[in-house]
Amino acid sequence: MRPSGRAADELREIKITRHYTKHAEGSVLVEFGDTKVICTASLDRNVPRWLKGTNQGWVTAEYGMLPRATGERNNREASRGKQGGRTLEIQRLIGRSLRAAVDLKRLGDNTITVDCDVIQADGGTRTASITGACVAMIDCLRHMQRNKIIRDDPLKQLIASVSVGIYNGNAVLDLDYAEDSNAETDMNVVMTEKGGFIEVQGTAEGAPFDQDEMDAMLTLARKGINDLLDIQRNALEAP
Amino acid sequence: MRPSGRAADELREIKITRHYTKHAEGSVLVEFGDTKVICTASLDRNVPRWLKGTNQGWVTAEYGMLPRATGERNNREASRGKQGGRTLEIQRLIGRSLRAAVDLKRLGDNTITVDCDVIQADGGTRTASITGACVAMIDCLRHMQRNKIIRDDPLKQLIASVSVGIYNGNAVLDLDYAEDSNAETDMNVVMTEKGGFIEVQGTAEGAPFDQDEMDAMLTLARKGINDLLDIQRNALEAP
Amino acid sequence: MRPSGRAADELREIKITRHYTKHAEGSVLVEFGDTKVICTASLDRNVPRWLKGTNQGWVTAEYGMLPRATGERNNREASRGKQGGRTLEIQRLIGRSLRAAVDLKRLGDNTITVDCDVIQADGGTRTASITGACVAMIDCLRHMQRNKIIRDDPLKQLIASVSVGIYNGNAVLDLDYAEDSNAETDMNVVMTEKGGFIEVQGTAEGAPFDQDEMDAMLTLARKGINDLLDIQRNALEAP
Amino acid sequence: MRPSGRAADELREIKITRHYTKHAEGSVLVEFGDTKVICTASLDRNVPRWLKGTNQGWVTAEYGMLPRATGERNNREASRGKQGGRTLEIQRLIGRSLRAAVDLKRLGDNTITVDCDVIQADGGTRTASITGACVAMIDCLRHMQRNKIIRDDPLKQLIASVSVGIYNGNAVLDLDYAEDSNAETDMNVVMTEKGGFIEVQGTAEGAPFDQDEMDAMLTLARKGINDLLDIQRNALEAP
Amino acid sequence: MRPSGRAADELREIKITRHYTKHAEGSVLVEFGDTKVICTASLDRNVPRWLKGTNQGWVTAEYGMLPRATGERNNREASRGKQGGRTLEIQRLIGRSLRAAVDLKRLGDNTITVDCDVIQADGGTRTASITGACVAMIDCLRHMQRNKIIRDDPLKQLIASVSVGIYNGNAVLDLDYAEDSNAETDMNVVMTEKGGFIEVQGTAEGAPFDQDEMDAMLTLARKGINDLLDIQRNALEAP
Amino acid sequence: MRPSGRAADELREIKITRHYTKHAEGSVLVEFGDTKVICTASLDRNVPRWLKGTNQGWVTAEYGMLPRATGERNNREASRGKQGGRTLEIQRLIGRSLRAAVDLKRLGDNTITVDCDVIQADGGTRTASITGACVAMIDCLRHMQRNKIIRDDPLKQLIASVSVGIYNGNAVLDLDYAEDSNAETDMNVVMTEKGGFIEVQGTAEGAPFDQDEMDAMLTLARKGINDLLDIQRNALEAP
């Protein structure tokens, strides 16, 4: 039995709200159950210095959590004077994943920065961030096409992300905090519409995991990501 | 005429949503028109080192903005490695204002940290923060009483805050960004229920202001703060 | 009775010594009683990046205290690795005040940086800094005219600053440390020669203050600032 | 054909030199071909604050590269003032992997810090680090037993790590820099003696990878890790 | 001929003003010609952690320059966020020199921090700092004896410091900025009353120097330091 | 008797291994007994901003120690977020010394950065670094000539460095850690082939030292440096 009563292959309630804040070119509130992340995509008509002259754009991401997004208040990274290792690791993962979804050559001399800010955390903030960030980025790409900043759609494929893990000896999908903090193994998977893997990051928190467990987890991940892709597509159909 | 079409003494639409996120002892979404701030009050059963043994609690505040809360994306303070001068100035103001509302001696050996995080900015983020933070702090004080952490209510008085300014030669209440960025004078006022001033911070952005303009602004501030106090009281009546 | 025996509307002994150090284009030692601040104005034949091409100059300020300017030694900000919130707040105030005194368009592509370094503190360091910095800046403007760097005098008006407060229930002018640390209310005022307000920053340290107290304080401030302006004018008459 | 002429399932020449420097409780030079890493294990008779009183020890890792370990000189992290995201990500991975190899409860109130410093880089620095760090840690554990600091051996199992990837469409083992910088997919695997997975981190650098490719890579990884475990065991047999 | 017209073995005009600021236990303005440094000695009734329980006190120093102490304005170290290498090198030298003058065992569990802040620089700021800091420290030691904080005088000997160098092929004493910036060799010497060397730091800025030049410089240094010691003794005779 | 049994004028066993790592233009492992330092010289086809347009190159150095190069582990400077004062002092010394060996005008618009990283410390790390860095720099200069980056050899002279000190009342050469930590006086000397002094830095750790002791130390230094120069020349004769 999962703490939430969900079936092993059941996602939490997923919501994607577009146009959540008014200034950004793309702005999404993504909810994986009680995990809530604001993803905004900002267009910068410029590229990082090391890309100048290469005729290629860039997509990058930053990640943060409000200090009291969690059960215990965490010190504010801005006031501690640096981003922690976990934060840097997550934002590198989000950026890599998003870049896998677009053809950077079609972006022109432009940079899209996607900020993923967790306002409430209940497990799976990085997978929710990637899933929401992809939608926010697409809204930004549409803005760029509408405004003739780019001609062709740089989107190669939708991507989505979900966590899977071994909890009480069973493979389960989309772990919430109650499961995540007690899971034997935790694996984050990023996949494309066509079923390809972008990222697979599995960590044994307690006992090592074996090939069978990995296969069981990946099967669940594939199922969950298909569900998430449908939710993304639905959200993107609205204007 | 104001850009928003409001009367000179008219607040924007104000909303205070309590219990906005689930982990914090007090959590409020405060909206002054399009300015939206999440204020969470976190209880720490401890006091700063310099207060140990004084039998007195502490209230402090931190302030932040999501990078794309504004029209142009700002660099994330956590990634730049420090909070800017404006941020520090605002969080010092919020903290001082909140401490004026409570009897620290009745707080016991406890610290309340109120985080004010702007998710969308349209002028007046510091006055909205103070107004919302006061409600979040009160929810935290109620939590402490319910859980027998403190016996007596430390609240001395409600406080609220509003901006006033001289725009196109006229005194106006509760400036939004369109006014704020063009105002000749900008003044932030924090007041108590009994009509006392906690903070008055007026700055001539262009021409100096005179005593008559100051009086006109303070009259508007008094009116606006009374309206805000009513909205706070209404919000606090619900369970 | 004030601790210093001064009348309620009496400034401390004020001294302004020009040409205090030899390298700077403007260099002033300003003394408000035992509060002593070195204000130097440095000319940079350049403007910040965000002003390039706007045909407008800039004036900015930095503030510091020697570690043992105060009764207890404070850690050196350079060795702690950052300027504190109080420091940033004060230097922002000084810079804003000075910019109100000059026509930036007449400065050409030049920046004036005024450093205010407190070598001995006894209350009122920010008001002494502004009052002295204005004189140092004027010496720098004269240097620029003498050296044909600019043609017209960019000075719009003299500015000066003084603190007022409520001490033992009475409004008093120019608080020293003994009063400042016990005042119910502390207000810093920056005014021009023509009697306009540039900044009014009042803070209730204990009980809130009311309109009558504010009026009493502002009356004292006006008187004190007129005295300070006379002292500035006298100092500036010498070569 | 691989650039090095190796077979797809062939490791580079691996060397593990124990007692490489004289001060550390464990000191290993590990070489994966031209990748050379000094791994030192340092004993601290203490635990981090958050572990005090839990009767449990700790193992942690730090990672660095000499500035010119690589083809182009990188800025020194100590002089830039912070460790980069890649560095933090790698040292978190090494620490997690090592903790999976020991029973922290048997460590007593002691911390082992393993420093992995790359003196020459040619791809695979993180997998070489983990493989060498495990041996250095074991020398430190032996030191602790010899000196009666702990009674029972905390080692649960040997761990080793290797990279696998898809290069020119084929799965290959232990990528060197020439392959790594052109691989379509790069996967780092950490495994135990008993064949369990500790970490699996696969990233599509170009095209997404599919289940078949993942299976091919994991098969190679299993083979390579068995070879590495033999080399570790041989090295550990010497006194 | 020296730019200042001084003889080769002639010091600049030296002034030592005690009781320069009012808060510090020792406060000295030291002037070596146009080089002016405020040296304050602050007593802390405590020792650094690594000295606790050793029954030994500590003396340390910090050094700074006002941004416009020099011909060109330097960035403020507090705002750049770190002390530069030159600053750290100088303050380490001052601290080491002062510690050579006292018997730390007689200091009790106390720390003296001497802050040397250059308000005007014209060469030789480190030698002026050491010479003035020694006097400020002695005033602090006297304060401690007067207030029965320590019983015996910890002072072992006076120390003073001067620079010597090779300028235009000749050995010269106490270089000012005009000489210092063109000297072939620059040497800073710290000596005791009894003629012993505490520090000798010679650097060839252009051509290497030979033994004869070193001997000539040391002879001048000995002469200059004897003059400085007389000036220190005179200053210390006043109450 | 010295702890190592060496004669007073006897160096430790010195080894210079060129081509130690494969990427750098110059790479040397230098060993002074158990002190081992990797010195790499990296060519950058560029000059610092303040040298642009002066037709002059630059040589600079950075210094670091692996955390466990010493008997007790030191915190990693990269993770503490800054280089300590000792590190900065040493790398400034190395850079100044190397610049004395070359004619910067003959370097063209190029910068050579020499990194000295101590992998094992047993006293004298700065003198070993300078001695090894000179050889690494020369290999870089040869690389530049071979590749027609520069035409003429910028090397003016070989330099080498050694420490001398007063240990148990006697002058000794090339102190190891056992001596260094107990020496009354410690002096680091940098000299050229022609016998000129580049740097002399003597510090009395306990009692002051006198002229006779200085002379004795400098005689030893001269002898030691001649031996080191021979070893450098031998090393440089190989291809």
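Think of it as A, B, C, D, E and F in the order they're written, each chain with its own count starting at 1.
The definition used in the following text is that a contact is a pair of C-beta atoms (placed from the backbone, for glycine too) under 8 Å apart; a residue touches a chain by one contact, two chains touch by 3 or more.
Not measured: the values here are computed from a predicted model.
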**Reaching subunit D from subunit C through chains that touch each other, fewest steps** = 3
**Request:** Using the touch definition up top, find the fewest steps from subunit E to subunit F.
**Result:** 1
**Asked** Hey, which one of E-F, C-E or A-B is the same interface as A-D, over half the contact pairs lining up?
**Response** E-F
**Interchain centroid distance [CA atoms averaged], subunit B/subunit E, Å** = 50
**Message:** For subunit D versus subunit F, what separation do you get between their C-alpha means, in angstrom?
**Reply:** 33
**Prompt:** If you average the Cα atoms of subunit B and of subunit F to get two centres, how far apart are those centres in Å?
**Reply:** 59
**Fill in**
Residues in subunit F with touches to at least two other chains are numbered 81-82
**Message:** Around the ring, starting with subunit E and passing to subunit F, what order do all the chains come in?
**Reply:** E, F, D, A, B, C
**subunit A contact footprint on subunit D (complex, rising order)** = 82, 84-86, 88-89, 91-92, 96, 100, 187, 191-192, 194-204, 207-211, 214, 218
**Message:** So in the complex, the part of subunit D that touches subunit F is made up of which residues?
**Reply:** 21-24, 27, 34, 36, 38, 40, 42, 44, 62, 64, 66-71, 73, 76-79, 81-83, 87, 113, 115, 117, 119-121
